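What follows is a set of structures to go through.
Here chain A shows up in two complexes: once beside chain B, once beside chain C.
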Partner chain A sequence: MKNQIFRMILSIALLSIFSGTALAADVVLTPFGQSPDAMMVRVVLKKLGIDGRLEKLLQADELQDEKVLITVVAGSSKGLGEAGIDKDAEIERMKTLAAAAGAKGMKVLVMHIGGKGRRGTLTDVFIVESVPMADALIVVEGGDYDGLFTGLVEGKELQMLIAPSVRGTSEPLQQVLTEWGVLQ
Partner chain B sequence: MKLRSCLIIIGICWLALSPAVHAVRLAPTLQSTEGMVTAAHPLAATAGAEILEKGGNAVDAAIAVSLALGVVEPYASGLGGEGYMVAVMQDGRELAIDFRSTAPALATYDNLEKAGKLRDVRYTPKGYCVAGVPAGIGKALELASLPLQDLAAPAIRLAEQGFEINDTFSSVNMDRWEILFKNAPEFLNDGMPWTAGETFRNPALARTLKVMAKKGVAAYYHGELADNLDRFMRENDGWARKSDLQNYRALAKTPIKGTYRGYELYVPGSPVGGPRVLATLNILEHFNLAIMNWADPLAIHIMQEAMILTSLDQRRWLGDPETNGYIPEKGYISKDYARQRMMQIDLSRASDPETWHTERVGDPGPYENGESYVDVMLETRRKAVIEGTTQDAPPSTTHFSVVDKAGNAVAWTQTISSFFGTGNMVDGYFLNNELGNFKGVPVEGSPINLEPGRRPRTTIAPLVVKQDGKVRWVLGSPGAGRIGSTVIEILVNLIDFDMNLELAIRTPKFTGYDAYREIQLEDDFPQKTVDLLEQLGHKVKRYDHPDLYFGGPNAIAIKDGVMTGVGSIRRNGGAAAPEKQARK
Partner chain C sequence: MRFSIARASGFTGLAVVLLMLTVAAWGKNFTPDIRPGEGVTEQRKLSDYFAPLKGTNLDTDVFILDSGQPGATGLLLGGTHGNELAGSVAALVMVENSVVRQGKLIVIPYANRSAISMRDTRNGIKRQHAIQSRSGKRFLPYGDRRTDPADQGQADPDDYENPAGYVLKNGAESRNLNRTYPGDPEGTRTEQVTYAIIALIKEEQVDISLDMHEADTPERKVQTDGDYRPGGNRRLAYTLVSHPRGIEIAAFALLALEEDIEVSMKLEESNTKYRGLSHLEIGNATDCLSFLSESPNPGQDRWRSDGDVVNDPKYPLTHRVGLHLRLFKNLADAYADYHGEALIIEGLPEYQDLLAGSIGRFLN
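Here is the complex of A and B:
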């Protein structure tokens, strides 16, 4: 019986080492602006073998021992309404969350995956607030059509990776998460 | 010599067989004397212009656009949807085709109670009402000159060869990704939403269109397509059955006529939004809007209050005339009733939303037989009360306009209700979720109580406007609860504020609808206008300008034989015309 348990533990350990996957606890996701886009990123992460925890209204005290906080930025009036918060409260939540993540030594990855179609007054407010929080940035093509992101990262030591599509975010995600030790 | 002859023959064959898509001109705004098509997607507009180029009439082109839109905007309309069209022909024929969907026989309140609430079935096969688009096309074919096979060809080509995803497609797909991931993962791009620039193909829809092109629209209601839908519904706990499809009929009607400052308007009747456009304009006719302008807070206040009054009456009194015994539509659109209603508008302050559904609902019934407002108002006043909650329809739907060289005009609006409807896909098309437009619980006397065979009420309002007996404008818009206000504001912009069509569409829009307790408006109104509206007591909510939320009108103006087409600026629309003499 002991042998069986030992073999099982060893198998799991070997599987996680050699499959290059991360533990579920390594990544936590939250939307910035309450659009459903973070759920898509979660699916992309799953394909990379990462079962990231997604919390729509993640608070600072709910951070666990994750290595990376991913926030997917896009404003949704409907989403904010359903969450029962307004734009200012959402910004305050993210500022507090990013500060707490930084204090815990976590990396913050900001993603905008909706291209040009997911830009607008509300989203742009969140984008402007999000970039200073980021340790890295992934933007789907078209999202920076007017150079908003480029302007915000100018002069900063901030990595901005461009993906061709939502599906195509897997490559830069893999790159960033490998650099940050989440993926091997 | 032989080789040269062969090359010449090959060259001739290539020219003859090359896609006619090269024979049309396309731009956001376009002028032509040869015919014009405007639609929410440039490729759909091109499909229509291609048919005009081939010698088809406006109805031929409209059928081609309807089918093409189902391919390039599968989220907004398609074979699984419904709609209404108005045609004004040069030979004097005026026709409205009601191809609204109907509730299936199993869609009863008893069954709904077992399934949960109306909102619980909205994104399930139970949300589907029997589609009318194929039957509407079948009815329209009676005015057409080309066979369905020719008219379906552009749509089949687009579905087979694919097309580049635009920003609207991408954005809508992202918004609805969660539902699609659950209900139609096969539609997605390896589980992810389609992104602008990617190529989308729909071979399943191409097959379906080919079946219809070969066997006629009856294939949808009686043939293999009906069998497929029936099977899907049985396997997925839906309510529609083949028998519902077999019982469906598109209805040929006469458009309702109204007037506004000397212009003649041709609109569809109940259960859609045509009567409300007329009723609102009847009220506005009593105000000298021409001395104001689009940004004048008083003009906005008057229009807002008028639109609230007409939406309250519409909600209380109008519905499917085929299944309701009493629909006082004539009274609702009478000029005398408008006189009584305009007295309800207080120019110095906004009406209180708390009183809308109780004190401000009118009663058009006494005006059904042309009574004067003096006589009616001297009689006992009756008040109606609206019970139940208001519905906020989704921002989907699509509208297109067509005019051919002969001057035949078609205004056509079609929809699957929510973007992507229920989110379920059968044979390459999405199922509408029109069931959500019925009352969730029965309310005594409501014209939109759920009833098998009944058509739900919606806001669509395709229309044709004539001046001095000639077609002047063809227009309509998607946008759910914003359709009425957007169409009315465009007409006021054109007629009262003397704008050209492009400016009339581009100018910021605002809502006037009882489902919204505030004025929702696109930014770019002057701050002073907003300040005064707030001072009058209106709660203001701002949106970007332009914003798809306010609809995507595709319209055509005709003056002195020149047709100006304007594609929707809020939805990447386009105008297309036969190549001859088209100019940007």
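Here is the complex of A and C:
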């Protein structure tokens, strides 16, 4: 029954996307660390009726007229290898991109959706770099198990929302994207 | 005295040879116990897709469940590694319970039959696991990761260059079925098996495949002083690996899994530089969208040799089997949403029903 409801919601979301009512141009996604987690967020967005453009190696000059840049943080050595870049190049790409997004008046949403399983030395380097770029932060439970995110946002006027699961990021995403004018 | 020692050595040698021959013969004659349900419309052999496998210990059963109605064709692979029990048992549950109402389903419960005919060399898990099935006592076989050297037909090389051109430093990996894709008709027996699987996928025009695996659990051994022993968790369990072409469908399937059974799994994309694995090579060699799933198997934890592969309280076989089956269903559903071709399977137990008792309730 639950699955039927999910499929119904999914069908409606897909239908709305393909019928052209989706907010296609408002959101652009890119991974920070080259893990596939950004694809998971893209699918959550689709369920919300948002067909976000996903570019693994999005560059500053490739930003269009989007309102929001979403970057999903998780380090993947394999992903970096596939992309032919190292961690320093990835950090540099994201710093340049976030600065360009800010200059265009875009909001930057940083997400970590992999819980404790997607934490580790490489990911933590990216997390530390990503938080200062964020206008808002969504973290799936377990991702902040050691208080890393909490420590990084301390003293800053930065909204950090905790989601119970990847699917559960739907609610905080809806909240943030509504505040930022992407969703009505 | 010297004569006696020589004679005794001779007897011992003879006994060892006889024992080896007996074990080899037992392996050769090993036939997995599979009891197809009413949904199976045709039973074939992998050698039907590549004749040289016929009569070898690597030929294996292929079950076809055809609705006769147009739709998607799915392939479910279990037993790529003989020591990854849940994949084989999930395939058995599928073959023994399900009826396909739309599209076609092909199931291979023991993709590497030679590996299941050997004892586990990693942790020494026992060969047979007794369960109470619907028709009485039954045994689930637990095997080894790789093809029996006796079945391979040649010695392991020092380095193994697989058919995709990737070189592995451990020559024994030439007997690892999931390093030999896309196979080679002129290659080793193991490479011939993967060649036959690819031939099957092409001939049957398979749209979507899931190769079901197991990995060590996320647990670590607690020492007596309460500290943890490192190295127990390689973070492979609870992962779905997708060919790059299938990554969005995989993401949909994982979100649906959270919705259905409240289990989160990690999404990974095939590493295109690490060649020879099913999820990459099937998708490269054919039009099929290929995936690989990993469940947590206590029998694969290196820090313990007594992992209970059936009744572990945290990672019971029912949980692991349910995970693979639900994932396959969700992949098929997502494929239908994207491509408009459905594979509709009825008769499978729900995940919660599986968890409510023993696995034998769903085996004939």
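Everything below uses one rule, namely that the second predicted complex is superposed on the first by the 162 of 184 C-alpha atoms of A that agree within 3 Å, B and C clash if a C-alpha of one lies under 4 Å from a C-alpha of the other, contacts with A are read in each partner's own complex, and residues count from 1 in each chain.
Heads up, the rule we're going with is that a contact is a pair of C-beta atoms (placed from the backbone, for glycine too) under 8 Å apart; a residue touches a chain by one contact, two chains touch by 3 or more.
As the structure is a prediction and not an experimental result, all values here were calculated from the model.
In the superposed pair of complexes, A:T121 makes contact with chain B only, with no contact to chain C. Of the two partner chains, chain C is the only one that A:E82 touches; chain B does not reach it.
Contacts of A:P36 after superposition on the shared chain: both chain B and chain C are touched.
Of the two partner chains placed by superposition, chain B and chain C are both touched by A:V44. Annotation: chain A residues 36-37, 39-40, 43-44, 47, 114-115, 117-118, 165-168 touch chain B in one complex and chain C in the other. In the complex of the two chains, the chain A residues touching chain C come out as 2-3, 6-7, 10-11, 14, 36-37, 39-40, 42-44, 47, 78-79, 81-82, 114-115, 117-118, 165-168. Residues 35-37, 39-40, 43-44, 47, 113-118, 120-122, 140-142, 164-168 of chain A are the ones that touch chain B when the two sit in their complex. Partner chain A is touched in their complex by these residues of chain B: 167-168, 170-171, 174-175, 177-178, 181, 189-193, 195-198, 523, 544, 547. Only residues 218, 235, 238, 242, 247-248, 250-252, 254-256, 258-260, 262, 264, 266-269, 271-273, 330, 333, 337 of chain C touch chain A when the two sit together in their complex.
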